[in-house]
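Both of the next two complexes hold subunit A, though its partner changes from subunit B to subunit C.
What follows is the complex of A and B.
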């Protein structure tokens, strides 16, 4: 295809991505280094015949003028990144100096919004990702060995938690786990504690969010692994059987190695997806116990006072996090490409 | 395959089948429960006294004389005007799917037919864009949209969702077009067609399976989005998902939580129908991404 033809074919989609993905990223970076202008103060000296007093007022006209002249605000460099709502460098240093033990240090970190969000996000990523892969594998192996006629129905119902709107899926589970819902009741009965409530316990809230994460993503892993099982080389399976490999050994030494590239694929996708955990925090009304970076952006942007600069700084930090998680994917794609050429 | 199932020892087969059944209950029961509960009053669905009330509808019967009531649906659809949000959702989804398939097909086709190196870098860029959480971009949209006075209306949201959709659409359609033999459109070009005519007369007739699969995922992305629609739409133009979130804000205090339950069930129905009719395409779309990496 000639460059010219390519250009015209690609132009609409390229323009859409340039204007609404590339430019916003730039705009977020710029915004994160600016903060709204402070109000212009006016000091007036009022003199009465007896004495003079100084009075400070906000000069509304001058403030409005400077704010409309430079809507971005004033340049502050990396200050927003370092303030208390983000990396909180000063507070972390202070906590490091004053804490006697690691435990004390971590508990003072958990009062800072950024580290609170990161601690939940990391626990969420490292709990959900392996569980999704294990559960997905187990379902795929089981479904592959039951009667073929039942498989369509199993796949149909399995897809529901995956295609459901994340916020709605979270609500559906949340209402069941609520202390007055069916699962909440069951928990209270099992624990023998009628006052047990999800809303009051950080640990329970984290566990419920993790269960939601597994419930939502396991079907994805299942479908991928199930498709992989359909391409299993039958001659290898038969050879293993003739060599006397037990059922478990066949799974361990033939099926798992065959599925390994898919396991890597699901892991990489899951790491990125779980890093941006957001809707369940809203659906579970969990912000008192668990937050994430995406939730922090949402919280800054919503409400009466929209804190664009703070949201932008969190966005840039999130983008950097995604970029780190994306690196292995990019390296893999690069290798595939070089292999093809 | 059937022969392998019969080879299994009976004990193992029972164990595997019961595992599948447990998973099915985990996957489907929450939806069944919420559907059933949406026809009850709040004191039954969230019952303090006795959890079996949610099944039998004890309080519902006391209030309405029958164990089922449409009060939640009446509240959501009639009193709160949920129909407007439903219509908004379908306007947004329709135009997002239409636009993103139109420009994505052209772009994906071009990427699959051009042998130059820049196509690789464009695809890599698309991959990076695809990984960006939409909420991080929203912070970049809001100030300009306020300045230009385009915040809050449906067309803005549609364009933003189309753009967010493009990286995924390009990857899907790129790999789909690569599976269509190049000889098809090249022979048309030998016969004197321009590239666009070759695309129009040779490729378009055979591209529908891939386009439909891609369209399904575009629809899901637009339908399921919360971050963009919640932040970029004004109160009057809300789609379903932000409206459900808004119900929660107002109804937790008013005690009308059943409105939200009814709205949630209503918003689930289209997805249910979608999976029912397009299960095969959804599965093939998911696995296409995995096999291609």
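What follows is the complex of A and C.
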């Protein structure tokens, strides 16, 4: 394609990307480097139904004047990124200096919001992503080999977990694993321990969240792989059969290589989605056991006093995190692409 | 036939009477607020007004949406129903207007103590008082032969007896859900232990001390007698446990206690045994381990004067003294409305007020400390770290947030 043609072809998309992706990200970066002005406080008399008291309040006139002079707030550079709620550089340094062992160091790290969120998020990503791909592939292979007339209905039911709104799906599972719910009660009965509670133990809560993650995303992998299986060249399969390849060998040496680009695609999407894990943390009321960066943003914006700068910094860190996670997969895809050219 | 006509005439008179009281407005009214029964009544009351649209958005998530919904110009919400904690966020962002002129024009039957003034200006109109206090099962306490607990230490002793007798496995209830609820229970206990959240006259936190440790220790002891899922239980789930007969003693909001056992399907013994008492003290202190609250409504700053006036008229109509004629409404809350007579459901909140319970602090930085408490105390409650460590974490998390917001 000529450069000129390409330019006109790409311009509408490029403009939309600039407006809806690049500019908002830029605004978030700017926000993350500014904080509100120093509060101008005032002691006033407040009278409530109970009594009159001297209380501190914000001097709105003075604040409005400072705000109109510098609407962006105070420029603080990377301070927010480095404070305790984010990378906590000072606290990590302190923990490193005062810890006698690796165990002690990691336990003081897990006390800091960012590292606590990352430890759960990374475990979640590396448990859920491979399981989703394996399970998705197994479901696709099984559905592909059943009687054709049954496939429609089986596909429909296999897709249900993905169709359900994530928050609703999480809530459904949450009530089922409640100690008075059907699964929670069954587990108590099986373990013979009436005080067993999935929600009271961090480990079991993580397992529940991971199972939810797999349950929710496996149909997505399945439907992609199933579509890929429909384009499988039958002559190759027949040739493999004639050569005496077993069913496993056919999957390993014919089907898998054929589906490999789709595996890469599903991995990319899953890495991104799982890094932003959010709905199950809310749906399972799991804040006490597991948090994520998205949850931290939600929490910053959900308090009575909203912390925009903190939320903006966490958002930028999320973008950087996704970029780091995707790099290996992207490099691999790029090499394959170059190889083909 | 004659009787029927007479009855019909009676109904017509009542209807006519109602419409005579009805209010007329000529501009949009849009209300955001929490969702417990008394606020539902106020929302429905405002919607009786005719002449323009009155919409309500009553949800437990009101604190997340009221500020953004009032910052625009024109604001989406013309009124936010708030409490002494949440008015601070609206004041901090300067999104509500002084009501002095509207009070003079339309607020003749409002009582003086309903008007919440900040720096001499009326910023909100309070309509009810609230506090957390003891709710218990009289039948269960009678069975073990103890009086309703006056202190948290008595509560623990009673809980142990109930469990030892095999009546209930987890007799204590508590809204200990990680986040806002857990932090609120800490606030109660901390004030009861004689603590004060900030170093006097400054935004420096003051929770990592003896009172803080004692408060957490007591909360941990109570949690031993709670459903093991306590960190996921908010007020609604705690009430569900009480209704199901799994809980015998708990600290509960007055605004939710009154209607606790009126839900469908509550077992008869729970309905019969249900009783209310004042808040408990802790650690030998005389100040109740609770906080005193008022709920009221505000009017948005970024709306036209016509909308503000319509909102004031509708909201004043919703809390007019006549609503107390309905027996159900009268029991829903401790109303601050003229002519309110305390019902048996109100004894808890009245006892709290009489015992000099401390009102929840109305400070611009209290919300940040509340959030930090909610996030950092869960580790201690799960036994993952010491009380001192948890409180140090709270102070560190609060300091980071307060620095960002320019309070430190």
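Methods note: the second predicted complex is superposed on the first by the 274 of 341 C-alpha atoms of A that agree within 3 Å, B and C clash if a C-alpha of one lies under 4 Å from a C-alpha of the other, contacts with A are read in each partner's own complex, and residues count from 1 in each chain.
Heads up, the rule we're going with is that contacts are C-beta pairs under 8 Å (C-beta built on N, C-alpha and C of every residue); 3 or more make two chains touch, one makes a residue touch a chain.
This one's a predicted model, so the numbers in the text were calculated from it and none came from an experiment.
Peer 1: May I ask you to decide whether A:56 touches subunit B, subunit C, both, or neither, giving the answer as first, second, both or neither?
Peer 2: A:56 sits against subunit C, while subunit B stays out of touch.
Peer 1: Who does A:262 touch here: subunit B (first), subunit C (second), both, or neither?
Peer 2: first
Peer 1: Would you check which partner chain A:105 touches, where first means subunit B only, second means subunit C only, and both and neither mean what they say?
Peer 2: neither
Peer 1: Applying the document's definition of touch, where does A:138 land relative to subunit B and subunit C: first, second, both, or neither?
Peer 2: first
Peer 1: Now for A:306: first (subunit B), second (subunit C), both, or neither, which partner does it touch?
Peer 2: both
Peer 1: Is A:178 touching the first partner subunit B, the second partner subunit C, both, or neither of them?
Peer 2: After superposing on A, A:178 lies in contact with both subunit B and subunit C.
Peer 1: What's your read, subunit B or subunit C touching more residues of subunit A?
Peer 2: Subunit A has more residues touched by B than by the other partner.
Peer 1: Which parts of subunit A are touched by subunit B and by subunit C alike?
Peer 2: Shared contact residues on subunit A (touching subunit B in one complex, subunit C in the other): 178, 285, 301-302, 306.
Peer 1: Touching residues of subunit A toward subunit B in the complex: what are they?
Peer 2: On the subunit A side, the touching residues are 1-3, 5-6, 9-10, 12-14, 16-17, 19-28, 31, 71-72, 135, 138-139, 141-148, 150, 152, 154-161, 163-168, 171-173, 175-176, 178, 180-182, 185-186, 215, 219-220, 223-224, 227-228, 247, 261-262, 265-266, 272, 276, 278-279, 282, 285, 294, 297-298, 300-302, 306, 308, 311-312, 314-316, 318-319, 322-323, 325-326, 329-330, 332-334, 336-337.
Peer 1: Could you please specify the touching residues of subunit A with respect to subunit C in the complex?
Peer 2: 35-39, 41-42, 44-51, 53, 55-58, 60, 63-64, 74, 80, 83-85, 91, 111, 113, 178-179, 194-195, 197, 199-200, 202, 284-289, 299, 301-307, 309-310
Peer 1: With touch defined as at the start, can you tell me which subunit C residues reach subunit A in the complex?
Peer 2: 63-64, 67, 84-86, 88-89, 91-92, 94, 113-120, 126, 129, 169, 177-179, 201, 203, 227-232, 292, 294, 336, 353, 359, 361-365, 367-368, 370-371, 375, 378-379, 381-382, 384-385, 389, 393, 396-397, 399-401, 403-407
Peer 1: Within their complex, state which residues of subunit B touch subunit A.
Peer 2: 1-2, 4-5, 8, 12-13, 16-17, 19-20, 23-24, 26-28, 30-31, 33-34, 37, 45-48, 51, 54, 102-104, 106-107, 109-111, 113-116, 120, 122-129, 131-133, 135-144, 147, 159-160, 162-164, 166-167, 169-170, 195-196, 220, 223-224, 226-227, 230-231, 241, 244-245, 248, 260-261, 264, 267-268, 271-272, 274-276, 279, 282-283, 286-287, 290-291, 293
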